[in-house]
Structure formats: C-alpha cells, structure tokens
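Comments concern the structure below.
All chains are identified by letter, namely A, B and C, in their written order; residue positions are counted from 1 within each chain.
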C-alpha cells in the first residue's frame, strides 16, 4: 500500500498561494504542508526533511511544489532544492511561480492547435516571465528544434527589446532568430505584428497592447493568444472565453479559454509528481505534459 | 461527486486559532488551509485564489473562515473579502473573531428559551464585541422588529455608556430604546438590573459584575446569562454549567452551559458554508442558524 | 466513532520541521496543524484551543508535538504547555526537538541489544542534547536504577567536562558516577575510551572523534554507537549502516542503523498520543516505548 501523498508547498511570499493549494487538493494530494516565507537558506533543512523520512520505495509519495508571486525568488529556491538531491535520494518537484510555466505551456499548445509553429514568424508582446517561457518553448520543444521560427521580441523601447534578445539568447538554441521590436506606440505595435503568423499577448493586466483595427490590417496574424483575463483585453477583439473562435481572419484564444487548459496541465503535473521520485517539472517538462494531454 | 471541502482560515494574529481549526475539522472540513498574519492588503490575492481555481459548480466546496483575537482587525479583513466577490463568482464565508458572533447568538437564544424578549427590559453588563452583538440581536432579529425591548447599556462611567449608546444607534433600528447606565460600583450595578427582565454578563474574564445578594433584591431579573467561564462568576451565584437552572427566582445560564450550544452553532455554520457558494455568515445569520437548531 | 486525530505541531523555528510533519502523517495523524514561530507567550492560547474544543471523551484525539532545531527553546514551550493542563482537562504531548529524545533512546537501546549496561563503564563523546539524554537514560531507566554504570563525560577542555558533570548531576540519580574527561586531542580521546565497555559518539556532524586505530587498542569498547550520519564517521571504522556488525572486537552501530529504529520509536510515540489524553512523552517515556518495541 502506498503512503499518503504529501506535497510541500514552498512559497517565498508571506502567505502560501491559495490558488496553488486548491489545485493541489484537487489533484489528489492527501497532505499539503504549507511553507510560506521561505528564503534560500531555509531550503536545505526543509528538503532534507522530505528526503530523509521515508524509505527509498516511498520517496515518490513525497513531493515539492514551488510557487510564489516573484518568479526569480522562487527559481532561486528551486536551485537550492536541486542541490540537495544525490543519487536515488531525491523527491520530485514542480516549479510554477505565478503560474508562469503552466500558462506559457498552455498558450503555446493552444496556438499549436491551429498552426504548425515551425518556420513561422511569431510576435511576443510583453516579455516578462510568461513571455520569456513562450520564447523558450517556441524555439525549442514546441518546434522540436527542426525548423526554428523567427521571434519578434517586443518592448516599449528598442534598448529594452535588444537587451531582452541578448538575455534570451543565452538560454535558447543558438540558431533561433530573435528580432527586437520597439512597441512604444499603437502604430509600432501594429507594425510588430505585420506579417507575423502568431501573436502572443503576455503583458501585465490592464494594458491594451493591440488597439481596435489590428484584425483589419493587410496581413493580420493567423492566430492570436491573449493571456490577459482582466478587461480591457490585451489584444482588442479577442474575447476572454475564446478557445479557437475565428474573428475576421484570426483564430483567437482568450485568457480563460487558455486558462482551463492551463489548469488541466497543472493538475496533471501534480499527479505525475507522485509517479516516481525523480521528476523535475519546469517549463519544458510542463509543456511535454500538456502536449501529451492534448494528443491523448 | 463533490470536491473536497476546503476551508481557508484567515487570522490576523501571528498564529491561526487552534480553537477555530479544531471546530473546522469536527465540522467535516476535508482540507484546512491556515493563513495566519493576514492583513488587509493580503486579502484580495488569497480570496482570488479561492475564487478562480474551481469551476462555478464546485465553488461551494471552497469557503473562508475569519477568526482572530481582535474583532476589529478581523472585520476589516471580512470587508476586504466581500469586495472581491462579483456576480456568481464568490465563495461562502463565516466571521467569528474571538467567537463573538456564535457566543452572542447562543447567549440570546438561551435567554429566549426562558422568556419572550419582546417588550422587555434587558441589561447588558460589559458592552464589548459580544455585548454589542447581543444588543444588535435583541433589537433586531431576536425580537423580529415587532415590539422592541428597552436595553440598558452599562459602562463604568456615564460618559462611556452614553458614547456606547450613540455608537450602537448607528447600526440598530432607530426605534430601539437604549438607556445608558453608569455601573462603576456594586450599588450602581445592582440599580442597573432593578426591574430588568434579563441580564447578560459579557465583561472581561475575572470581573465580578454582580456581587452576592443581587438575586435577593426586590425585582431581580427573571433570566441571567453569565458568559464568564473563569472564576469568579461574572454574575455571583450563576454556576458555570447552568443551563436553565432556577436559582432563587432567576433562571440561570452559565458560560459552559451556553458554550455547548455555541459550539453546535459554530459547527452547523461551518457545514452550511459548503451547501452553497453565496453565504455570508455574520452575527444575524449565525443567530438564524442557532434559532433553527433550537427549534428543529 | 472517534474524532479525526489532530496533531498540533509546535515549532519555535520560522518553519515547522518537514521531517516531523512527514513522520506525523506516516503515523496516522488525520489533520496536522502547523504552528511555526511559536514563542513561550503564544503557548497558552494555542493549548487552550486544543483543550477547550472537544468534549472530555474526545480529548484523546487531539495531541501536541513539540519540535525544533534548538532544544532549549522547545523545552521552554513544553514547560508552558504543561502549566495549562489541570485535572482531566489535558491533551497528550510529545517533545522531540531535533530528534534528541528518539535518537538518544534508540542509541541506548541499540547498545543494550549487545550488552547489559548495569555496572559498566560508558564513554560519551559529544555531550550536547543527545549526549545528555544518553547520560540520563544510562544512569536511570536503562539500568533500572539497580547497578549504575560509570559515565565518562568528555569535552574538549577539562573545565567544560567538569561543568557538564556538575550540570548533569542535578537531573540524574545522586549515586550515578560521572567522570570528566578532557578530549582535546586524538590521544586524549583514545584514553577516554580505554577500558570503557561502550562508547557513544554524539558530537556535531563532520567531526572525527576517534581516529583510525582505536579498534586496535589494548582494551577497545565492546560496543560502539556512532550517531553521525554525514561522512566522515564520528568513530572511524563504524559504517553508517552498521546495526550490530562486529568490527575487530567491537560491535558497531552506525547512524542509519540506529536511525531506522529511531523512526519506529517516533512513529509509535505519535500513535500512542492518541490512545489517551494524559500522556507526556519526553526522553524517559520515549525510551520506554522503544524498549517495548524491541521486546515485543
């Protein structure tokens, strides 16, 4: 008989994310141990407590989840946790601060339902944690590294767009083509999608990235994915519930349309944590889980 | 099949109340998420996490409990939580900081077992959070707004009693009659119950409000409810276990006698939270739950 | 039907020990309430919450566990908790900060599997919390107070060893013989085990207490128990997995060899907490639980 499934929820915030807790419960976790206020120096003691209590055959029934509102702080915790593992002495972990890994995976997979991303031109508006992970996926796993798409990296100033391209190049395949675009005005943003096949809107809530009229342009993207759930829409005209609706000539996905699938991916990832003790679910593995869910 | 019942325990104190946790477990909650140290600015993120994880049909399986030792701080959190809800996007909540709502409801319902409160004279000794809620109930729900009782609001100084009356008038029906009484001495306190039908003792633990002899007065109250569980009794002669015992000519209720019923009300309220997603259980609703328990 | 088993995990550290949480879950606890950051002034409110929620017949289904990395801070909490109980109004508790009680009990019981400790000479290297509890057990419960062993109390300086002896004498039977030994060098440490029957290595991780060659001395101890799990071994030549292996003329127990039994004791103690509401499991009671496990 297997042991109760224990998930330890690490969170650098002062309060462990309720969102992450509820998803964990709904994924079949038996015991959730909330650990808010975690800093890097706390990680080793807590992870050792997870590693050194159950026998090797039961380690797969203990797992770690890393959430939090600040992606960088959470990722620092994940790095510390990985250092604790050695040989078979390890427990599975998932990282999804602010939902960025599950959201990026769901966004890319939704787009892929409508279009083959290989050899395409893709515009990413709002290149924060989610946008950066979208770039990572469409230059790697999502296109299987065969024919790489061209990615337009957009920011309010040219300098910032160039800087983002430079930073992103360090973590993506060297053949990937990243093109900086300044999108400080509505006109510049329209220009950034001109001739693109797919546009992802991944900026902060409340920012209208593409204003009315973009769908009527000469060469509007075939697919638009808007990740902003709070009105106004990030991409004007995309409805929050859209999940493949065609509007003018563009197939649209809205934040809740993508969000339902994101939740499925999140739950499936939590379940997988308990299938073996050696899983590390970060953006690529989360994407793979989502792709399997979509094809099954 | 319904989802596991998740209760999120909000507490402004540094440690989530163990009392509230145990009652939650004994009320059938499946997963308790402790959130201590909550301040007003934390509420929105935590409540959104409760609202935006499960589908509309499952929202009734997530609920919020607000406890804590400082009634005002907790009520500020409740106000923030209510602001988060819109349309059908909401979860049920219960507020019971320091047990004040369940205690006031139980106290009034115990008194009502022995006497019809309509058109009666009621003395409230100790008008803190519990006492204020007793006033609220006996001027409203408990008398169904038909014939209002006269309430004697007692405090150590006349000034404070007048101030309390003024504050209470803002939240009770305008027809209610509140009469300030100074009860700085044993004699003044005896005078405050002279001719009253009911006396509630709701002051801080360890204060003997009514000294020996009050039961032998010319016109002692017909009913006395003492909410002080720690010796000495707040109302001399009322035993802590009393639940309707007649002593001299007064029917008595002691703190544990009332407390057993208070616990039943608390548990029933927690269960009700999971019957729909739109319940807000504050003092009036808690009283209604208790009345139903008493009449069933 | 009995109520769900609630264990309240008190911890003075900023994060409740994951180790203690996992053991609790694996011991059959239904609801674990984590209370980190507990200071002495917090204890009463939390313990009252545990005592005053369930009826007398159900109090045995609520229990307290006190853990933490700093033994003295935890023991201060335990003292406060005990003060809250009166008459039948109490809940069971276990104290095991840093695992010191279960570790000391397991270490002594392992040694006893190989040798009768009565009238023997015992060397304790590293007299911190675990070492002190070993001294307590071998001068009391483990030898049933009949024939007391001679204990060599070792420290880097003579002054410190003398001071430790003085402190220990306050809490052990007056007939017990404690002999201070200075073990500032490898030679002094070898001298401290010369002619001893048993040696316990209970110093901080990473310190090699006995260097290569001690097993080849003229009068090596018959039994060696090394509680250091991190290489190098505290007692050179004892393997971490040893559980009664004979090396040269010494029967050896390593940290993991002892640790497996320590875990069994810990789990059994947690289960016992829920068999009645009046148990206080500290080092002596934990030892008694272990002895019963060993003989059953």
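Here is the rule we go by: contacts are C-beta pairs under 8 Å (C-beta built on N, C-alpha and C of every residue); 3 or more make two chains touch, one makes a residue touch a chain.
Here the structure is a predicted model, which is why all the values come from computation and not from measurement.
Between the two copies, subunit A and subunit B, the C-alpha superposition involves a rotation of 120 degrees in steps of 5.
Comparing the residue numbers each copy contributes, subunit A and subunit C share less than half of them at their mutual interface.
Each chain gets a centre from the mean of its Cα atoms; for subunit A and subunit C, those two points are 46 Å apart. Along subunit A, residues 34 each make contact with two or more other chains. Within the complex, the subunit A residues that touch subunit C are 3-4, 6, 8, 30-31, 33-35, 37-38, 42, 45-50, 52-54, 62.
Residues 14-23, 25-26, 32, 34, 69, 263 of subunit A are the ones that touch subunit B when the two sit in their complex.
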